[in-house]
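Here come two complexes built around chain A, the first alongside chain B, the second alongside chain C.
And then the complex of A and B:
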């Protein structure tokens, strides 16, 4: 049975005649003992939501919708009646700051206050309960007489927790319990919250940036952006497989979740709520014009998952099923690729790893239409795979291992880059020239006449590989196939090239199938990993999961070989 | 955090500077104590002959070089000897002691009254910030605190004493009435009412502004939201959580204001012909009674300084953040006012 029902909750701040929609159309419910996480960037409305649930908004703010707690609608309640719900039924652990506790009152008094007010405890009984609470959160009773400025951040967090639990609330809101704490204090607080929740069985709403803390403590998850829920579902599933581009961006930006990868934030500034259209559209790599016009509603994509996206969440760029490639040798048939299913999503980097000869490159060749698959079906951007689709702009481009072989040494730089545009009859003369120069700049090669007229054989390996990438990017591909593109480069050139490529990818949002046998590199760049062996996929999943909790033996072998220790 | 020794040394140096200024200031005034030894302003003036003036100068030691006079003044002070009044022909300490209670009464009463007025109106304003009540109170307080105390005193004197006859025109009590006990107290309060009200009104503006501002700041703090979330009673939120924080800076403010308060008292006493130190000072200036002037200055300055020191120490025990000898002090209080600076007579 649900104890909290939030229905179309909206909060509008009105500072000096302005109209700031801090929350809009937020609906969810919570059953007794359930745990719910809320994530989102600063300003996405997380704290506003908590304050609204506490009934602390409404004086200067305009509230819409309903918050029903155990049958009582809180928002329309008289202030005097609302008092009785605060702390006794719904308590909150505020975000830890120097001034979250009153500086001139001691810890004991601040913990005791709600007990005296709501439970009418007095004298010895009150004292005993305060000491019991401090003990519960792991503080010695002598801290009772301490003042807030004498506490460390971790101790202050414990006091806040003791204070919030004092009246045994049925619903506990916790705002950023682990930010501003060191790793040890952080772990202790998370463990404390976990054991207290188990012991007391209160429902928990946890607001945090800390994905590790969220995944450990919550079962369900809401993702807020611009005051609206953009994704909702089970925490474990969302973190493993986010379906909204914003959620994916958030997860990719979390250092505590993606320990090995380079950090890439979501480009652009968070938008405020209230405007028409999807608030995330201006930062979204798959947005269309329609996205700016109409606000997407939260829809079920699966029984346990809701996403608010006009395009149905992160789109699938390419889906292949039952892909096979057989080579008929004289006496036997070699199955290079033996029935694999593969999915590349919009704007993601899929790392395809495996030993030499596992069939990785054959997959790239099939997808690059260089060899025909013996069997299987490929859907690219929702349509059956054919040359028309992949060759044109926003199609598929391939960058290969050896730049000396993949770009003609008899061409000048300009000819190399112009050729695909000419073949595909893209734009006029001037536009082509512009595209060539622009692409050269993007891959950080000089865009002057002198360089344009140089022949490819005059270039160094790193320059030539960048030229190969530029040749692919000049067609503005939606999917870039990168087959061992750095294996012939020295580490420094490789580092520069990878940063460049990932930066371009983060900015422009093309998807990338990154094929490599170098696990270090894959770990640094890929969002998802597919492991191949003997022409088949043996394991796939988020980069975080594969590298921290591999299931398949072969993956474990590979990791052990690459990183020198077993996982 | 400064240590105690340094702080005491600071006060000692301040005291020495004040004593020195006390000595030299009266002597910088034009004129001489023996130009006229008797006679009030406007009355007949008895002039001394040259021989008489020299005789008196030698008698009181004024013919000696200044450094020697200064040294004798200092040694006298260490013995608790404030000197002998040229004009009143009496011990300076005794004269001051006779007048001190009146000034003490006025300054204490005015301080208390201005505090009450400032706190009540300041918190009223802060809780209704931006409303018309707040704006009206603000305007009223600013106007009254901007009018000089003596001008306000003259206005009150003409209105309430002269025109309406509600209060006596001058003095500290009715002489020769033979009041005793309760009657006497009532008489003294009746006389003190106008001067005290004048002084309080003139000084409460600063307190009002301070309370209004600090309370507004406090109301926006995180811990106020915490207190509200805990579902505490309005009274507890206001008085235990907000006021305790907001009133801390007042302790130092009141001490710092004491200098201004004493300065105001001197002027107000003269307007109401109140028999306190202020009026005595004016008389002493008139007749260039160096020892008496020095004595009055010294007593007033010492009083203000002592109040500052007291506030300093008091604040330390009041604000847990500055209390010493505990686990670990992490931060300074956010109002930098408690550093001991002293306002001497304005």
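And then the complex of A and C:
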């Protein structure tokens, strides 16, 4: 039984004749006692949604669609009727700041105000209820007489919470309860919200940047971007396996969710709503022309998941199944890769980890077309896997472990970078030159004639590996296979190179298969992890899950060996 | 452009290399300009026999009174043609066979390698004697016979190198990028092979010159083209030459020029190897 039905809700702000579509076509429903999280970057319409549900919009703003609360359509109600729903049925905890509290009222008066107005409580009764509420949110009685400016952020949050809970609402909207709080206060607030929700059983809509808080407090999740819902589903599933590129970008940008990984934001500026086409298209790694023209509708990809993407969510770039590689030695057959299935998605970094000899490099060599698999099927972007893939742009490029072997010491820097372009006759003379210079700059190597004419043997290991990466990037790959590319470098060069590569990956959105035996490195860079042993995949999953809750014994062993403690 | 390259190579040569190059150039000059720097006929008697060096005969005369300086100048032509001809023929042939064997692998390689084994076990000189006798001893035939017996050495070296290079990452990468066999051979393999091939060819040239002298000594040389070997042969045929002072010019000067030529080739070869490999050149 749903208590809240939001149907095609749209909000248009009209500041000074402009037309800003803050929310568009937002539909969802909420049953009693259910918890719903809403995430999105600043400006994605989260707070607007909360204000619209509270009925605090509609005077200057143009509203569309319907919000049905317990059978009553709220948007078309007159202000006086609407007023009755506020606080009593739907209450909101505003984003924490000094401004949301009245500076001339003390805490007691502040909390008493909605009680007096909506429940007509007076005198003793009012006093008692105020004290009860303060006790409920964990504030000592002595703070009753304090003024807002005398409170800490955490206390202010508790006062706001007490106010919102004062009339025992059935639906509580909480806007960013934990931002600007220190870790201890944050934990206390989250625990408080959790226990209050359990105790009173109100429905909760939690708006937050804080993924840790969201995943702890909510069962379902909406991802907003440019005023539209781009993904909806169960919180746990979305966080483990996001299906919309934007959701993945948000999760990757959240330090409080998985602290070990390097932080990378979504490149580009958030787009406003209202424009034609998918709002995320300009920042999306897999956008096509059609994405800019046609607005995608929210579609079910599975019973519990909805995604608004023309291309059906994050696409699979490369899918391999039953991959085998056998080497016939004199007396026995060595199965270097023994029937593995593998999937690399658009724009993700897949970390392939495992001991030496577990078959990681063989996988890279098969995918880089250096060795032929004995068995198995590989499909790249829906097309069969053939030799042309390494020879064209938007294909597959391999960077090998040893830069001293993978680049000819007889070639100059320029010759090395031009080689793939020249063999495959990509572009004209000038275009090639331009691309060589551009790529050199991108990998932070000098792009002058002096450097172009240097021989490879004159370069240091780090420079030469960067050159090898540049050679791969000059072909503008869609999938980069990086096979232990930093294992021969010193830590500082490694750090520089990894930051560089991850930055390029983030910016250009190519997918990367990152092969390493260095778990620290994998933890820093990978979105998903595959663990290999004896030529088979023993475990795979999001980097966050593998590193915090490994299932397979071998993964546990690896982690224990690498990080010195068992999980 | 060409001159620039020459001067660049000159600058990168060591003192020994420069000496070798100068000697080689002088010997080539002697061969090419033989009619202009000699004043006596090289094939008929032009003075008293066995005349010591001096006067009209710069290096003296042989037992028939033929001027030795003229003989040596014209003989340089024969020796150089034999040396260079054999080296080029055997070097290129061997390089092609070696590259083919190493690059293709499989049964092609096995067949070619067995062939090389056969060439190695075959006793050079007796077979050469038979072949030279069979084909008739013209200069061209001698070059062909010498080349036939020398290609196996460069072929083996080249094959070994190709086998090692084939596994190099950058060659695999070039192949992944779609580089064809010819591209890989000319762009990647050949530059790597040239230095060892050059050394091998210079050794072959030296060997060919000495072998030609040996064949001439056995009377299998081209009698119409007087090589340095043939002069030595004639001198040694003069019974009891060491009891006379004649060896001091008749035997000594052809030997000296032969030695100079081979030493010059060796010195130059060593330096060229260094230059051909940019790692050694710059480091």
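What we mean here is this: the second predicted complex is superposed on the first by the 565 of 567 C-alpha atoms of A that agree within 3 Å, B and C clash if a C-alpha of one lies under 4 Å from a C-alpha of the other, contacts with A are read in each partner's own complex, and residues count from 1 in each chain.
The criterion applied here is as follows: a contact is a pair of C-beta atoms (placed from the backbone, for glycine too) under 8 Å apart; a residue touches a chain by one contact, two chains touch by 3 or more.
Please read these numbers as outputs of a predicted model, since none were measured by experiment.
Participant: Classify the contacts of A:405 with the two partner chains as first (chain B alone), second (chain C alone), both, or neither.
Facilitator: second
Participant: Considering only the touch criterion stated at the top, classify A:391 as touching first (chain B), second (chain C), both, or neither.
Facilitator: A:391 contacts chain C only, not chain B.
Participant: If you stack the two complexes on chain A, which partner ends up touching A:420: first (chain B), second (chain C), both, or neither?
Facilitator: A:420: touches chain C, not chain B.
Participant: Tell me which partner A:105 touches in the superposition: chain B (first), chain C (second), both or neither.
Facilitator: The answer is first: A:105 touches chain B but not chain C.
Participant: By residue count, which of the two partners contacts chain A more extensively, chain B or chain C?
Facilitator: B
Participant: Which partner does A:54 contact after superposing on A: first (chain B), second (chain C), both, neither?
Facilitator: It touches chain B, and chain C stays clear.
Participant: Can A:370 be said to touch chain B (first), chain C (second), both, or neither?
Facilitator: Touch partner of A:370: chain C, not chain B.
Participant: Over in the complex, which chain A residues touch chain C? Could you list them?
Facilitator: These residues of chain A touch chain C: 368-370, 387, 390-391, 398, 400, 402, 405-411, 419-420, 423-424, 455, 457-458, 471.
Participant: Within the complex, which stretch of chain B touches chain A?
Facilitator: Answer in residue numbers: 221-223, 225-233, 236, 240-241, 244-245, 248, 319-321, 326-331.
Participant: Looking at the complex, which residues from chain C come into contact with chain A?
Facilitator: Against chain A, the touching part of chain C is residues 168-174, 176-179, 183, 188, 191-192, 278-279, 282-283.
Participant: Touching residues of chain A toward chain B in the complex: what are they?
Facilitator: Going by the criterion above, the answer is residues 51, 54, 56, 83-88, 91-92, 94, 97-106, 113-114, 117-118, 146-147, 149-150, 163.
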